[in-house]
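So that we are looking at the same thing, I have put the structure below in structure tokens.
The chains carry the letters A, B, C, D and E, assigned in the order they are written, with residues numbered from 1 in each.
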Amino acid sequence: MASVIAIVFLITLIALFGIFLVWGTAKLGPKIKQSSLKKSSYECGIEVQQSGHTKVPVKFYLTAILFILFDIEIIFMYPWAISFGDAITNGYGAQVLAAMGVFILVFIIGLLWEMKSKALEWE
Amino acid sequence: MNDSFLFAVLLLAPIFGFLFNGLRFKNKNYKLAGAVASVAIGVSFICSVVLVIKLVAMPEASRAIHVHFYNWIEVAGFNANAAFVVDQISAIMILVITGVGLLIHIFSIGYMSHDDRPSKYFAYLNLFIFNMLLLVLGDNLLIMFVGWEGVGLCSYLLIGFWFTDQEKAAAGMKAFIVNRIGDAGFLLGIFFLYVQFSTIEFSSLNTLATDLAASGPLGWSHPLVLACICLFVGACGKSAQIPLYVWLPDAMAGPTPVSALIHAATMVTAGVYMIVRLSFVYMAAPQVMTIIAVVGGLTAFFAATIGMTQWDIKKILAYSTVSQLGYMFLGVGVGAFMPAMFHLMTHAFFKALMFLGSGSVIHAMGEEQDIRKMGALKKAMPITSATFTLGWLAIIGVPGFSGFFSKDEILWFTYASTQGSKWLWVVGVLGAGMTAFYMTRLMCLVFWGKSRVPEGTHPHESPASMTFPLIVLGVLSVVGGWIGIPHVISAILPGHPPNILGHWLEPALATANLITTSAVVEWSLMGISVSVVAISGYFAYTAYIVKTDIPEKCVKAFPRLHGLVLNKYLIDELYFGRIINPLIDISKGLWVYVDVNFVDKLTYIASDFVKSIGRLFGSLQNGNLQQYAMYIAIGVVVMLSFILMG
Amino acid sequence: MGSDIVEISINAAKALAIFLMMVQIVPMLVWVERRGSAFIQNRFGPNRIGPLGLMQLIADAVKFLFKEEFLPDKKRRLLFLAAPIIALIPGAVAFGAIPLSVPIHVEIFEFLGQSWGPYRFAFQSVELGIGIVFVLGISSLAAYSILLAGWSSSNKYSLFGALRASAQMISYELALGLSLVGILLIYNSFDFAEIIAQQQGSLAFQFLGKDIVWSFLPNWGIFYQPLGFVLFFVAVFAEANRLPFDLPEAESELVAGYHTEYGGFKMNMFYIGEYGHMLVSSALLVTFYFGGYNIPFVTPDQVLAGVESFLGLSSTGSSVATAFLLHGVFLVKVLIFLWVFIWVRWTLPRFRYDQLMDLGWKTMLPWALANTILTAIIVFIFRTQWV
Amino acid sequence: MLSSELLHIGLNHYLGLSAVIFVIGMLTVLLRRNLIVMLMGVELMLNAVNITFVAFSSFNQNMNGQVMVFFVMAIAAAEAAVGLALAVTIFKHYKEIDISAFEQLKS
Amino acid sequence: MEAAIVFYGLSFFMTVLSLGVLFNPNPIMSALYLVLTMIGVSLVFFMLDAGFLAGVQLIVYAGAVLVLFVMVIMLFDLKREVYTFSRGFFTRLLKVFTGVVFLIILVKSFFLVPETKELLNSSTQMTTKNLAGLLFTEYIFVFELLGLLLLAVAIGAVALSRIKGGTHAE
């Protein structure tokens, strides 16, 4: 319970600091006249061509999906890593290793497939 | 060869014939179909002969071959098993059936040569023989009933053979329905017997009946009496007696050999055979016997009167069959079981002969059946006319021929038996006279006299395959009588030929006790009947050959009576008017009010209800994802609330 | 935060101090970076204001405060302002979880007529049983600030920059996580303090039952996990978007990446976030692979004993002294790594984006997996009593 | 008057919290028209379930609850991944993400 | 005493945030509210002494899944929605009503739970090592299956992304 209070205290502290800074710059900075030019996005001075609906490459969301899946497989390894030492001392190190071997094998298959299928080929 | 093998072959040969022909209905090759059918019947004829020989070899007391194939129905006490028995009575019957059947099969090969469905015809014919054998050989009433129904079916199929013709199909229907009415009676009879004796085997029935009879007379409401009455109704249906005879004249619509086989030799005699089979049961119910005798006598007299006025050759023969059957029932009614069987056999021979003869005449005359367009066929068809004459002599009862011995025996028993009465004898004699009259009339108009054949047709003698059976039957109708010569005649004949048939049947049948009379009375009765026959024969001869105007004068003398008789006493119209039409009206009324309005409405209501529910639930599925989620949520909530509440 | 007022206040002060320390390090790093890059490029760097240009930092800070605001149109303003704040949070919170030194033990003492019980203050703002997982979790939140910055500045190029930066961060987070598995296999604990405790004295491990001691090497993580160290080192660079991997917001590429639209102090806040992330990474490197606040070959207890005998202070005083001494050691190690960060930035050229992603997915990840498998097998062989 | 029962945080408090979050998640799924927000609703419901699991496991000192949470997280992540992949394909086809767009599966 | 404050504060915040997820017309904002809720959930796990799970929650949900959500929302460039809630006032009412009844039922059912012991703070059994021990003894089969599941989802997701329209959404 103590750690929760500490975390919450820390986060609120940082958030307040951030808000203070942003508030500060807003207050201290010169009053701004919102003109259309200022509001437009900065394109190195070149005239802004708002090209309507931008063609957003789908590739990014695929990376995110693969990231989720492999991240979970990594997280499945954490408890194994932690308890591997104790497992060995208690004698069933071999079985645990074998089980984990199978899991890692599946992980490798996923990885190989993903590489071969050129899912993450960046143009 | 053991008995069961013989029986199996006897019964299954016709079945094989039926199957062989039955499976190739469309085949037009009548020679092959006819040959196969005849061979099948021939085989069963040989089997029956062998059986009879074995039977003869057996000691007199227990003359019966019993075969048990399997127990067919075994339900709580009631058991009917597929068992067959050949004893003295059924021996005669199977000989007649297969023998006459074989001859008729051979005859019909020639007769059906022009027909386009010969194999179908022969298939039905074989099936008929099989069913008739079942009826005759069955050792219990149920097997007999199966045969009884089968025979009815085959008669329907064969009568309505040319069903394309509306009228012939109607005749088939009529025969079948009337038979069904009779069969219903037969069935009730079986039930009553079962109620009384809780068994349906003939042997046990007869023994139980005799014990019952010994214990005194039975009242009208006694099951046995009721059984006899119902069985008699069945017999009337099948053997065309007074109330239920209407189908036989119309049954002439079928091919002539059919009429010969079914409506002369075999089927119609089934009723007589049944009563003879249950002779002891009937002896136990004398009052029923008198009813049978009276009905038999009336039918004989009544049918004979109609026979006199008919112009169609086959109709005349049909009515003569009805009257002859009437004689058999008269005989049975007075307790003359043996003479009835004897008359049955002889009748089978000469009536089959006459039918086949008329068949060949019609065949020759190009399907012409009206005797007014025939005449003087003696010269054109010598064999047919010769054999026909033999049959004529037999039927009118000329001494020496088979008809005389059997009919006379029946008349003697009618007079002499305690059951019989003088009046019945008188009716019998008059019947015999009228039979003589219309048969002679037939002979004069068809064979003798002037030829009234129209120019187009040239009668010619039928081929050998048709005349051969005629000859054989001719011989039989003559010889048939000699095996049952009454003792009074045999006494005066040289060598005293014994009454073979009498001895043969005596152990198996009950016999009426005759009042003792001297031989003189018997001779005088015989003399009276012969003289009546002679007079009416001569009268007919003169009316139709010598002075041909007599018939017109008679008709003018009694115009209304003649009209009435000509139209068969309007019996058919009576039946239609009183029974059939009202029945149709009632059913039509029921159909309109009950069925259409009530039952249909009900079904429509039910179907509309279901359709509306379907539509209601259909709207639930409108593709909206969230609605489905909502239904799930509601479901969960309801379920949980039940769990919590419950 | 403790039971009574003293403990709470000290803990709060401690948390504030550590946060300020992190915030102060950032301008100092900026100064070091500008001076260092100048030194590498054989030029002077800022030396006008104050000795060696130290005051330059304060000047920049004030300048940023007074800069004019450029804000996008109404509907995305909230997210636009939130992004820099979110950039701050991961770095600071993660740093709070890392133990900077040995916990301080204070005996009972009299103060204002009341005796205050023995205290134990952990030398970190948040003391957690599961250090590693928490730090990883918090650092994975950094991606949000980039995404929001890119999204809310309604500039097509900044959106692309944000997507690219977050994709890069994500893929290297995988390699980071996997390399950590090696550490866990060796030390079998999530808690930083335990890991550092196991790195005391000189290199010693059992092999087939015999204990081998290599006294010439300190008992640091790097010798157990050399490949793990390399992978971790590279992954951390990518996480912090530091140079070889800073393509998404590099000046020469897509304008200025996701923080093109930001001016003034908000831009600075992004830098604070970035440097904070760098600080956390180097702290992790030191904790896992270089023995944290341990002086090589010497265990903290020996240090405590030495200080007591040498300075003769009371027990609390000595534990405070040792804590700060070890903290100093820890800071030295961290500064070394910070210098390495800066040093690398001004030496290595930038990766092209597809090379960068391929490196992440096709080389780093497989190597990390290989490292895990290797460590697992070695640990299995070394630890089971085969005899 | 803060009754002691309210102050002392028991199991029911956590269950209450998870129930509230679950219902909010359910309502998001039921009410929101945007497919992605519906998926978020599902995530909310799953997290509520996780809270119950952990609450029961820590109050009954039994690790099974936590293992279950571990698996639920894995499956929830997999589900989200597939769900969003599908959402993208739907978006490509229908050009809009509102569920009223794809109601073809109707009787 | 402070546990109650923290718990009530946290649960209040979490309900407010999840309501934000529900009612905010702007999907990007509802996604961010969801991130904060996830952080709240991880804090609840901390309070329940499930430290490891809190960390994993942060990594998996806050760090990975919701990044995907935000990325997909950006991909579709979803602006503020004109119709946020489903059509039909009565159906909405029915849905809310079902939700409320469901809540009541849940709360009622909590009191059927037998009285539980005091929350022991970080007792010995509740460590991640025991979790791992349990994982490898009792749930080994599920463990392997999940590996396969993740593989399958990876292949599926890649296949889905390759469907018509190639890699770029118009």
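One rule holds in what follows: a contact is a pair of C-beta atoms (placed from the backbone, for glycine too) under 8 Å apart; a residue touches a chain by one contact, two chains touch by 3 or more.
Keep in mind that this is a model prediction, so the values were computed, not measured.
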Both-way neighbours, i.e. chains that touch chain E and touch chain B: D
Geometric centre: closest chain by C-alpha means: D
Taking each chain's C-alpha mean as its centre, the one farthest from chain E: B
Most remote chain, CA-based centroid, reference being chain A: B
Contact-richer chain pair (by C-beta pairs counted) among A-D and B-D: B-D
Euclidean distance of C-alpha centroids - chain A vs chain B, Å: 105
Between chain E and chain C, distance of the C-alpha-averaged centres to the nearest whole Å: 29
Between chain C and chain B, distance of the C-alpha-averaged centres to the nearest whole Å: 120
Centre-to-centre distance between chain C and chain A (centres being mean Cα positions), rounded to whole Å: 17
Numbers and ranges of chain B residues touching at least 2 other chains: 624, 626, 630, 633
Shared-contact residues (touching 2 or more other chains) in chain C: 128-129, 133, 159, 163, 166, 170, 173, 177, 190
Multi-chain contact residues (two or more partners), chain A: 3, 5, 7, 54, 56-58, 60-61, 64-65, 67-72, 75-76, 78-79, 82-83, 86, 107, 114
Which pairs of chains touch, using the document's own definition: A-C, A-D, A-E, B-D, B-E, C-E, D-E
Residues on chain D engaged by chain A in the complex (per definition of touch): 70, 73-74, 77-78, 80-81, 84-85, 88
For the chain A and chain E complex, residues of the former touching the latter: 1, 3-5, 7-8, 53-62, 64-73, 75-76, 78-80, 82-83, 86-87, 95-96, 99, 102-103, 106-107, 109-110, 113-114, 117, 119
Chain B residues touching chain D - in the complex, by the definition given at the top: 618-619, 621-626, 629-630, 633
Contact set on chain C toward chain E in their complex: 75, 79, 128-130, 132-134, 136-138, 140-141, 143-144, 147-148, 150-151, 159, 163, 166, 170, 173, 177, 190
Residues of chain B that touch chain E when the two form their complex: 624, 626-627, 630, 633-634, 636-637, 640-641, 644
